[in-house]
Structures are given as C-alpha cells and as structure tokens.
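Each chain carries a letter (A, B, C and D) given by its place in the written order, and its residues are counted from 1.
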Amino acid sequence: MATLTSQKIGTILAKQGILIAFVAFLIGFTIANPKFLTPDNILSVVRSSAILGVMALGVTFVVISGNLDLSVGSMMSFSTIVVLDLHDKIGPALAIPAMFAMTIALGALIGLLVGYLKLNSLIVTLGMLSAIHGLTLTYSGGKNMDIADKEGTWFSVFGQGSALGIPVPILLFIALAALLGLVLSKTSFGRKVYAVGGNGTAATFSGIRRARTVFLCYIMSAACVATAGLIQASRSLGSQNTVGQGLELEVLAAVILGGASLLGGSGTIFKTVIGVLILGFIQNGLLLIGLQFYVQFVVTWVIIILAVWLDIAAKRGKLWSPIA
Amino acid sequence: DGHGTMKIGITQNNVGVDSYQTTYEKAFIEAAEANDKVEVVVLDAGGDVARQIAQMEDLIQQEVDAIIIWPTNGEAVIPAVRKAHQADIPVIVTNSNIAEAGFDFVKSFSGPDNVTQGARSAEIMCDKFKDMGIENEAQVVHITGQPGYTTAIERASGFEDRLPEVCPNVTIVDTQPGDWNREKSQQVMEAFLVKYDDIDGVYSGDDNMGVGALNAAKAAGREGIIFVGATNFAVGYEAMAAGEYWGSIYQSPVDDAKAALKTAIDALNGEDLPFLNYFDTPKITQDNMGEFTKPVF
Amino acid sequence: MTDPVLRLEDIVKTFPGVRALDGVSFAVMPGEVHALMGENGAGKSTLMKVLGGIHQPDGGHIYMGDEKVVMAGPLEAKAKGIVFIHQELSLAEELSVAENIYLGELPRKSLGRVDWAKLADQTNAILKKLNVGFDATTRVGDLSIANQQMVEIARALTVDAKAVIFDEPTASLTDAEKVVLFDVISDLRASGVGIVYISHRMEEIFKMTDRISILRDGQYQGTVETAHTDEESVTQMMIGRKLDLSRNASHHELGDVALEVRGLSCGKLYSDVSFEVRRGEVVGFYGLVGAGRTEIAETLFGLRDPSAGQILLNGEEVRIHSPADAIARGISLVPEDRKGQGLVLGMNCRDNMTLPQIDDLKAGPFVAEGAEIAIFDQYRDRLDIRTPGWRQQVGNLSGGNQQKIVIGKWLSMHPNVLIVDEPTRGIDVGSKSEIHKLLRELAAQGYAVMVISSEMPEVLHVADRIVAMYSGKIMRTFTSEEVTEDNLIQAISGITPGQAA
Amino acid sequence: MKPGAFSKALKSGAIWGFVVLELIFFSIAGEFLSLSDKAFMDWENMLLLLKQSAPIGIIAMGMTIVMVNGNIDLSVGATFAIAAIVLLDSMTWPIFAGLGDWVIPVAWVLALAVGTALGALNGFIVWKTGVDAFIVTLGAMLGYRGIVFMFNGEQPTSHLNWTLVDFAEAEFLGLATASWFLLAVTVAIWFLLTKTVHGRNAYAIGDNREAAVNAGIRVGPHMMINFAIIGFLAALSAVVFYSESGSVNPNDGQLYELWVITAVVLGGTKITGGAGSAIGTFGGVIAIQLLRKGLGHIGADTSTVNLVIGLILIAVLILDRQLNVKGKEELKL
C-alpha cells in the first residue's frame, strides 16, 4: 500500500513537474521581492503575457502536429500593422475581419506548403518569417502605423479595456485557452493532431487526412496570431513594423517549457499556458529584483534547461539521461 | 563615368528595424532621384557587421565613386573603410561615427551628435524638475535602445553623464533596454511601476519607446511623470500636443539622409568639407513645439 | 555435464504498473539452442533485454561461466560476447548493409578512418554465407523487411560470440530465408555458442531447439527437453490450458463478389493482377519476398495509384484515392509494419484502436469517450490483449499485444473487405489460433477477407483459396482442395524452384 | 551505374543547379539593373563571394555534422560573439604584454578553446540530462548572449591590431585568408563525415539513435564531441572574421544560427538527421551568399530583399521536392 501511494505521488510529480517548478519560481521571487505577488503585478504580467500566450496556443497545435512555426513573430507584426492601417481607412468594424482574413490567408499558404506539399516546416516558416517581414515593410512603407484619433475609438477595448476588473487581453487569453484546450483534448480534430504528430504514416494508414490536419493547424496558428495582433494594436493604438520580431523564439520556448516535444505528438494547452506564465513571471521577477537584462538572459537559460530537465527526469524516473 | 554622373553607394545599418531608418532610406532614394547627376546603390546590412563589410567590398568591387556608410559597429568597419580609401574611393560616414582609428580613411562624417542629444535630454528633464521644484528628490528610470547599437550607447552615456552635472540630486534608479520597441518598453515600464512607488521622470532612447512607457503609466493610472525622449516621432509629437509627454529631441531622418548625400556629392565635387558635419538636433518640449512641424514618421 | 555459458538467477524487473519479470532463472549451455517461450507479454523480450544490458534488473544476478557480471549497457554485454538480434529491427536505414552489420565496431585505419576494404571483405563473406540477394553497399532502407531482418541476423556472425539471442528472428522472414537462418544457427551451435531462441512458431521450436524454457506472466514455468515433450504440453505450460488446433472446417455459403481486381498493375511493383474475393470467402496471398502482395493491398487501400487496371467493389468500378476513401468504402487494411504504419506508439491503447472511426464517435462536438472505451474493452476481451488498462501507451506493450491492437482497430470498423497483411507476425500460439478463428468467423458473417501471409501453415489453415504470387505476377490460384505444400512452393518460386527446397 | 545513383546525384546536385540559376539570373538582370559596368560573374567578384561566405560557411560545416547527428545548435551566433570577445580582449591583457605580436596566436588559441568549451558544454548537457538539443541550445543562445553582455555591458569590445588585419586581408595564390579557412574546413568536415568511423557513427546515430545505442556506440560522448566541433568552428569563424575587423558588438552573430541552418538544409542535410554532406552544405552557403550579393548587385531595396530571400528559400524546397519524386508508384503518405 505504501509503495502504491509513493508510486502515485511519483506519477503526479511526473505529470505536473512543470507546474511544481512554476510554483517554486513564484515562491522564490516573492521572497526576493514581496511586490512580486501583488494583484497589480500579477495582472500586469498576465496581461503582457497574453499576446505571447495567445500566439503560443496556436503554435502548440503546430508543434503537436510535428511541425514548427517560426513565422508567428513577423506575422504578428503584419496583422498589427494591417489592422491599424485599415482602422482609419475602413473603420474598426471592417478592419478587424479584413485583417483576420489576410493573416489567415498567410497561414493557409504555410499550411499548403507544409501540409499538402510536405515541405520542411522549419525552412518554410523561416522563409515566411523573412517574406512576411518584407511584405509588412512594403505595406507600411516602413513607417510606424498610428491611429489618428486615439481617444475616440472603441477599438482600444481589446487591449486596454477590462471587464469585472480583469483586463480584456487576459479574458481573451483565458477564453481562447479554454476553447482550444477543449478542441485539442476533446474533439476528433485534436485526436488527429496528436496522431499526425505522433506517427504521420500510421495516421495516414488510419484514414486521417494528414495534409488537411496540418493545414488546419497552421490556420489555427494564424488565427491566434491575428488575435495577438489585434490585442497588440489595440493596446498601443500604434505600432512599428518590427513589433513581433523575435517573438517566434519566445513562443517556442514557452511551448517547449510546457513540455511539448518538438518531435510532435505530445503537449497540452494547459501546459503551454504554464510555460507562457513561467516565461512572463521570470522576466518580470528578475526585473523586479533589479537584475540587468543580460543577467536575465543567463537566468532564463538555466531555468529553461532545469525546467525541461526536471520535467523529463520525472517522466523517466531518473535524473540522469540513459544515453550511454 | 565621363558622363558626369556620380555613382554613390550606401550601406545602411538595419533598415527594417525602425521607422527612422526606413524613412531615412526613402528620403535618401528620393533625394538621389531628384538629382539626375547622381545614381545610387542602396544596401542594408541588416545589423550584421559581416554583411556590412561584404557590402563595402562589393561596392569597392563595383567601382562606385563614393561610399556612404552607416556603421553597424564604429570600429569593426575600419579595415573595410581603409580598403575603400586605398581604392581611392571617398568614404562618408553617416548618422553615427566610426572610431578615431579610422578617421584617416574617412572623408567626412555627417549626422547628429548623439552624445549631445543625450545631454540635451538630461537638460530638458532637469529644467522641468526645477520648474516643478523636485530637482532635489526626483527619481528617474532610463529605458535604452537596442543593446549594442552605437546610437543607443552614445545617447545613454550623454544622458547619464550630463544629468548629474545639471541636477546632482536626481537619481537614476534603474536602467533597462527597450530595444527601440514600443511594446518591449511598455513591459519594462510596467515592471518599473510595480517596483518603484515613486517615479518622477522617464528618459527613453527614442520617442517610440517613450510612448510605450507612457502607455504603461496611463494604464496603471500613474500621473505626473515627466517623459523625455529623443528622435521626435510623430507619436511623441502627438503625445506632447496632448500634454502627456514632456519633451524630446527633434531629429529628422530626412535631414540626416539629405545631409549625407550632399556631403558625398560635395566631396566628389572636390569641395572643402569640415570633418564633422553635425546637423542640428534641437530640443523640443511642450513649450516650443509650435516651432516644429509634426515629424513624418 | 559442462557449465552453462550463461546463467540468470531470480531476475525481477518491474515497469510502472507491470511486473514484467518475477524471479526468473534461466541457463544456456554451450552449443545448445535454448528456446524461450511464452504468450505475448510474458516477459521474454524483457528478460533478454536485461541480459543484453538494455534494462537493469530490479533484482537477481547474471553469471557468465562462474563469474557474476553486471551488464551496465549494451556495449558491455557485447564486450562479454553476447550478441542480441532484436525483435524490432534496429537498423540505420540511410547506411549501407556493411555499416549496419558492423555498427559500433567498424574496422579502423590510421586517423580514425574506416577500413572500407576490410569492411567489404568481411561483410561479403558473411553475406555469402547467408546467401542473400543484396550486397555490402546496398542502402538498408532500400531492402524489404525480410532482407532487413537478414541484415540483423548477419550481426550474429561478426564477433566471436559466447551467446547469441534471437528474439523472434523469423517473424518477418519467408521460408527461403528461414532455411538460411537455420543453417546459421547450426553453424553457431557447432562452434559451441549458446543460443537463445525466442519464437511463437512451434514447428521451428521442435525442429531447431534442444531445450525449452517457458514463461507465463513474468513467472518461470520450467524447462523441458525438446525431445521429451510435444506441442500440446508446451502450450499447456504457456497458457495454462489446452488448445484446440483443429482446422476450422466450417464451410459456409459464399455470397456475391465483393471485390474484383482486373488487370491491375502498378509500375514495376506488380503487373496484370486479376482476382476476386466473394463475401464469406478468405483468400490467402502467398509468395516470396518482393512478390508484391503488400503493394496490391496498399493499392486497394488508396495508398498507391495503379498504372493500369480496374478495381470493382460490389461489381462497380471505383477509384480509391486515399485510405480515407478506402475506409469510406468499407475496406480495412491491417498493415504489415505495425510500428511504422499501424500504431502511434506515444498514444494510449484506446485512442489507437478507435483512430480510424474517431469522426464517427461523437457526443455533441466532442469525442464520445464512453463509446471508445466500450469498443476497446470489447476487443481487448475478444483478442485477449494484455495491458494494465486503456491508458497504457501502446509503445509499452509487448510486440504481440501491439499487433493485437492493430487488428482490433480494423476489426472494429466492421469492413466489407478486410485485408490483413502478416496478421499474426509475432503473435503467440494461443492468440494466433484465436485470430485464425476470428478471420473464419468474420468470413462466415459475410466479410470478404484477404490474408497476406508468409507462413504456409497459416494460409493453408485459414484460406478458402490461395493466390500464389511470384515477382509481381499471379502464378496460380488454388482452391483448398487442390493445394499441397509442394505445388504451392512450386508456384511461388517461379523459375527457380530449387531455392525453397 | 547502380539504380538510384543517378537520382541521388541529381538530388545532391539540386543546390548546385540552383547556384547556376542564380548566376545566370543575376548576370542577365545585372546588365539591365546594375549601376556597375562590371559583370556580376567577374572572376574577382566570385573570389570575393568565396571570402564573404566564410563566416557563415565555417559554422555551417559544424552544423552539418551536428545535424547529421540528429541534433541542432541554435547557440552558434552567441558562441561566435564570445569567441570574438576573447580574441580581441585577450590581446590587451597585461599578462600577455611582453609577447608583442606573438600575442596573436595566443589569442587565437584562447578564443578557439573557449568556443570549443562552450560547444562541449552544450553537448555535455544534452548527453547528461537527455534534454533535446534544440531546447538546450535555444537556452544557450540566450545564456551565452547574456555572457557576451556581461563582459562589457553594451559597449563593443575592440582591439584593432593592424598586423592581424594585414594577415587576414592577405591573399595567397589569389585566395583571401578567409577563403582558405573555409576551404580547409570544408575538406576536413567532408573527410570526417565520409571517411572516418566517427563520421559514419554520426550518421548512424542521427538515423536511428536506438539502434546505435543497441550496437554499443557511446552516443553521449559522441554527440558531445560534435558539439565541441561546432563550438570550435563557430570560434574559428569568429577568429577569421574578427582578425580582419577588430571589433565586436555584443549582438554580433545574432540570427547566424538561422542562416547557417538554412544553408545546411538547402544543401540537402536532413533536419531529422542521418543524411547530409559537407559538399552540399558548401553549395547551400554559396547559394545564400550569392543571393544576398546578387540582390545588392541589382539594387533591390530592403523590403524586396526580405521578400525575395524568403520566397526563394521556399522555391528551392519545392524544386528539391520535385527532383525527389520517385514516380507514380510511390506510396502516397
């Protein structure tokens, strides 16, 4: 009986290693600076994590399906610039769906290339990273994009508004996370995503349309990126062309921290959310401690490796890798 | 080139990174097109020294008449500049200067004086504190540009050296980079606001970041903070007009680009040039902004 | 009596939720072929992995001669003279045959260079002994599964082994290669090597081995001399009951033609293939490596585009573009490569089993998990799948149980045409007869069944008619009345009848 | 000729075909669009191309072996910067003051040693923790960059030694110093991958790690050696490049990992491991450098360059895919 319970605790640890690591970080930072765990700070961290977080939700699908998406950063810049530009031209009510359509069209292009043409996703999305950046620069003429009338637009609600005392970006993040979490864990589409990422050949042999599944993952990723762009644009009502630059790696780091394997077939939305929060709180915590940004780099390095290591060590039941 | 056209090559620092640089590139091309004696090759190093050096070599190989360089690193490009010099191609440095060791190989520098800009921002801030009567207690946070960029470094040092001279009792409580990025700067400011209950002034390396910081303060409901930036962007100008943002440094990429092109043309025409061609970058605050037109970028 | 080369004593090994080995003892004499038998999941592979240094035991000891040893890893086991031919192929597909055979011990020259000449010489010598149709420089990925298995087997001949472990070496071999394998084993035995031989095929066990040790549910059941026992009592020890091995002779009425293939060709893989399968009929496909049977099945399942010919379902010509198409038309395929094609190893048992019908199991917008579990339970019981529960990852099941999951997955689709490719590869005797019975029953219920198998007893046992293939062509179709072992071998050997002798 | 040998040759030739295509395109487009009176395919220009390919090319050779091995290294850009700092800064250390110009080889060795050690550290972590190399080096990309900044804050680290510059700018038999290094490294990695036991084991591990483990290959140390090699080569690239330029910004080398990986994959190395070649990588590096150079030659602006480079990457993949279609018989997966 005793062994059974200890085994159970072991499994729980293994399953929730990343969560435990998260709690440990929170405690550590709170000791270092009591302001860390104040409601204001928590809200502010979660709110600024929301943009990264919404993008990470979509990328989780892509990664589980066994692919990568490095284009989300420059795609987010694109959607931000586009929606800001269109806001003044056709009004927010039309600008938002138009921007979603354009962003999703880009996602569809990637989905076509990776899903149907079976091209390597790392290179395709790397190429798209560059191409979309060029597209954005061409679109904007390189200029910052700003809404003319910043006070008089309801568009600011997505980034600056709040309901029940909770900022709208957080609400959007939570709602999307819940929705996509259900899609991934409870629907047949989600099951197919896992199957395609786990073993694409076996999935095909089981009658799953692999190309379509991958295609849809990129569509979802693009839709998430568009949402992130919307929040971003609404938050500052103006933006530069590079607003999302570099986010692709942060997003990936968050998804990985959440325990998704880059080989595909594993990961969950819940864990990705934890991964996003870990990154957000680490950055914020170190800032509050007052460490130089480059010390943050080093600390993030250590934490990423430690967190992932402990996570997989718990799963395999051994600290050290079995690699000879 | 007996036809009298001058072929001028330019290698810029990192055009995509902010609208200053993009506006510069556009203005440069426009100025060149307006002058039918001039043809230009416009290159962008994408922030990568190796690529910039390769572009210098390419321009030398293409036998252009003059080269304008916006250095990614004021020292690393010196040997490449020397090569151009040895090939008898005059080199004009634009926007941020190269190190002294390379001065012998350079015809002229044209651009803003970033150290002075930083110093002027310090003065703007100090004057405002004095007006408010808080020059003996004020606490300032500092948001710098992209780490490693000469412009970021020079402005930061100009500011941090000058502030204690004019306002010895003002303290700079924290410094973090905002990477020339409005969103990043907003996040940095959010953390500052949590960390420090009393912030009286924010200096940011450009207005883009300054507005990010302003947004954070507005969202947190913190009022009375004095925002001072540099490189007055359109957003900064508007925020000033709205009375939310105190001051900045007026610097036009159009002037910057035109000055660089003109310096190159003058050099090719054999005119006498001062070695340092600073164009003026005046202070702009809510008080005197009427004297300036709204920036185009 | 001589000392054993190798002795395992009281070996215990547990995995989360599974006690795979429970105090197993086992010894191999020099020059002995020692069979290790047991049902799927009994712990045979695990025991051998402990011996090969791949798993560390939780209890017990290993002795080589008199010396107590610890097998810290595969390297150490190899250094001590233990060669392990794995149940699952363990090959680097991009590398050549020679490099695979000498993987981990390529001959060296100065500067750490590979001694290619020496490597080629040694490899060719081994390949010659094995009488295979490929050479040292062939890329392993280009070989058929059977030939890849031969590459694995060739590894046994590279070192001076003290003991060689064969974990189901014949599961993917056809008869011709089996003959070669048995020659190899005889040679090894003659030179005093101790051999552990794991197989579910009784006829091999009784032909090849000297003694038989039996495991059941991770527990040691005893060791018997092969000469002094028979299939029935071995089976009894394995599964704890007697097995009814009599041919299921129930002949039922055949229905209409469910599937007809006319002049079907696919490039060089096979050409001008015509046959029909009626409802209620089991048609066996028998042939040598590369005969093209798998490719026909893949074409019928929408995985290959035929270059000529027609496919008719219920008398109507159809074009099948994808497996999804095929499934919609009521075709199921149990593929030959369970790991590569049949299963998502990281997924649990239930999800694997219901994968092809996941779109149909709906409760509102979500998957109906209850219905899924019901399907899983039904086929777990029917196929006797050994797993702690549906949550277990398929990758952690024993090879045979994995195969049962694949079969269950396709049976649960209730297809009109069921195609099974090597359905009992790696399946223990008890379950095998269960599956055979099932195939007959399915036919009786009106399914049209195609069985592709490289085991002659299997096709003879389950098929109403047998299609004999050689090199992409149908040589002859036999009814169960006219078929004999001899004329079947004749037919599948094409122009080289001596090979299968 | 063995069956498949031709298609294999065609496949590995895809990148070279693309290089030729680029040459033709830029030569013709250059006639109309370029300011220069000189042809694009000028011999001098091609030699320059080789030289300019060195910084990315030398690292790409290391990436080839790491990727063949089934791993990836995202930290090379940061390692590059650290090695540069060590190289330039160590020349000014007081302990070496008495050495005169002999400080140069000392600085080289130090920089190479540090690069090797950083690479080995990544390898060691991958080996001992079992964390995927992508994650380990993604972390290190940040961590090593942090170390770069810790060294000198945001200031560049500079030391212009004209002896060194002259050496780096020197030409031997018409080739620049950097070109020689690139060629030597290419040959060395080609030799390592095709001729040595270590190289063949690298393929085996990348192809099927479990099989390699079962065969008794010591996978952990093996991978660590390869990470040390790429660390060494990242440092060598820095040594070659900064000898000529004498100053390093703390964010130098950023995005190098992406360019390097792109070159390697364009050169036909499988991203999942088990296949790839130094010669292919060489082609990939040349193709990328040619693209940058050619776009500059015809005067494309920044947004066009970004757009075109991105689309070309994808186009090459599509081309490669078309060349590799085995025919209609292929299994449709």
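By definition in this document, contacts are C-beta pairs under 8 Å (C-beta built on N, C-alpha and C of every residue); 3 or more make two chains touch, one makes a residue touch a chain.
Keep in mind that this is a model prediction, so the values were computed, not measured.
Ranked by separation of Cα centres from subunit C, the top chain is B. The interface carrying the most C-beta pairs in contact is the one between chains A-D. With centres taken as mean Cα positions, subunit D sits 44 Å from subunit C. Measuring from the averaged C-alpha position of subunit B to that of subunit C gives a distance of 70 Å.
Taking the mean of the C-alpha atoms as each chain's centre, subunit A and subunit B sit 33 Å apart. Contact of a single residue of subunit D with at least two other chains is seen at positions 149, 213, 216-218, 302-303, 305-306, 332-333.
Shown for subunit A are the residues in touch with two or more other chains, namely 133, 137, 142, 201, 204, 292-294, 324. Residue positions of subunit B touching 2 or more other chains: 15-16, 22, 25, 147, 177. According to the touch criterion at the top of this document, the contacting chain pairs are A-B, A-C, A-D, B-D, C-D. The touching residues of subunit A, when paired with subunit D in their complex, are 113, 117-120, 122-124, 126-135, 137-138, 142, 200-201, 204, 210, 249, 252-253, 256, 261-262, 292-298, 300-302, 304-305, 308-309, 312-313, 316, 320-324. For subunit D in complex with subunit B, the touching residues are 34-38, 42, 44-45, 48, 51-52, 55-56, 149, 154-156, 158, 160, 165, 168-169, 241-242, 244-252, 254-255, 292-293, 296-297, 299, 301-303, 305-306. On the side of subunit C, the complex with subunit D involves touching residues 52, 54, 73-75, 77-79, 84, 86, 90-95, 99-100, 103-106, 108, 111-114, 139, 142, 266-269, 298, 302-305, 307, 322. On the side of subunit C, the complex with subunit A involves touching residues 16, 73-75, 301, 303, 322-324, 326-327, 333, 335, 340-347, 351, 355-356, 358-359, 361-362, 365-367, 409. Only residues 15-19, 21-23, 25-26, 147, 174, 176-177, 180-183, 186-188, 190-195, 208, 211-212, 215, 219-220, 233-235, 238, 296-297 of subunit B touch subunit A when the two sit together in their complex.
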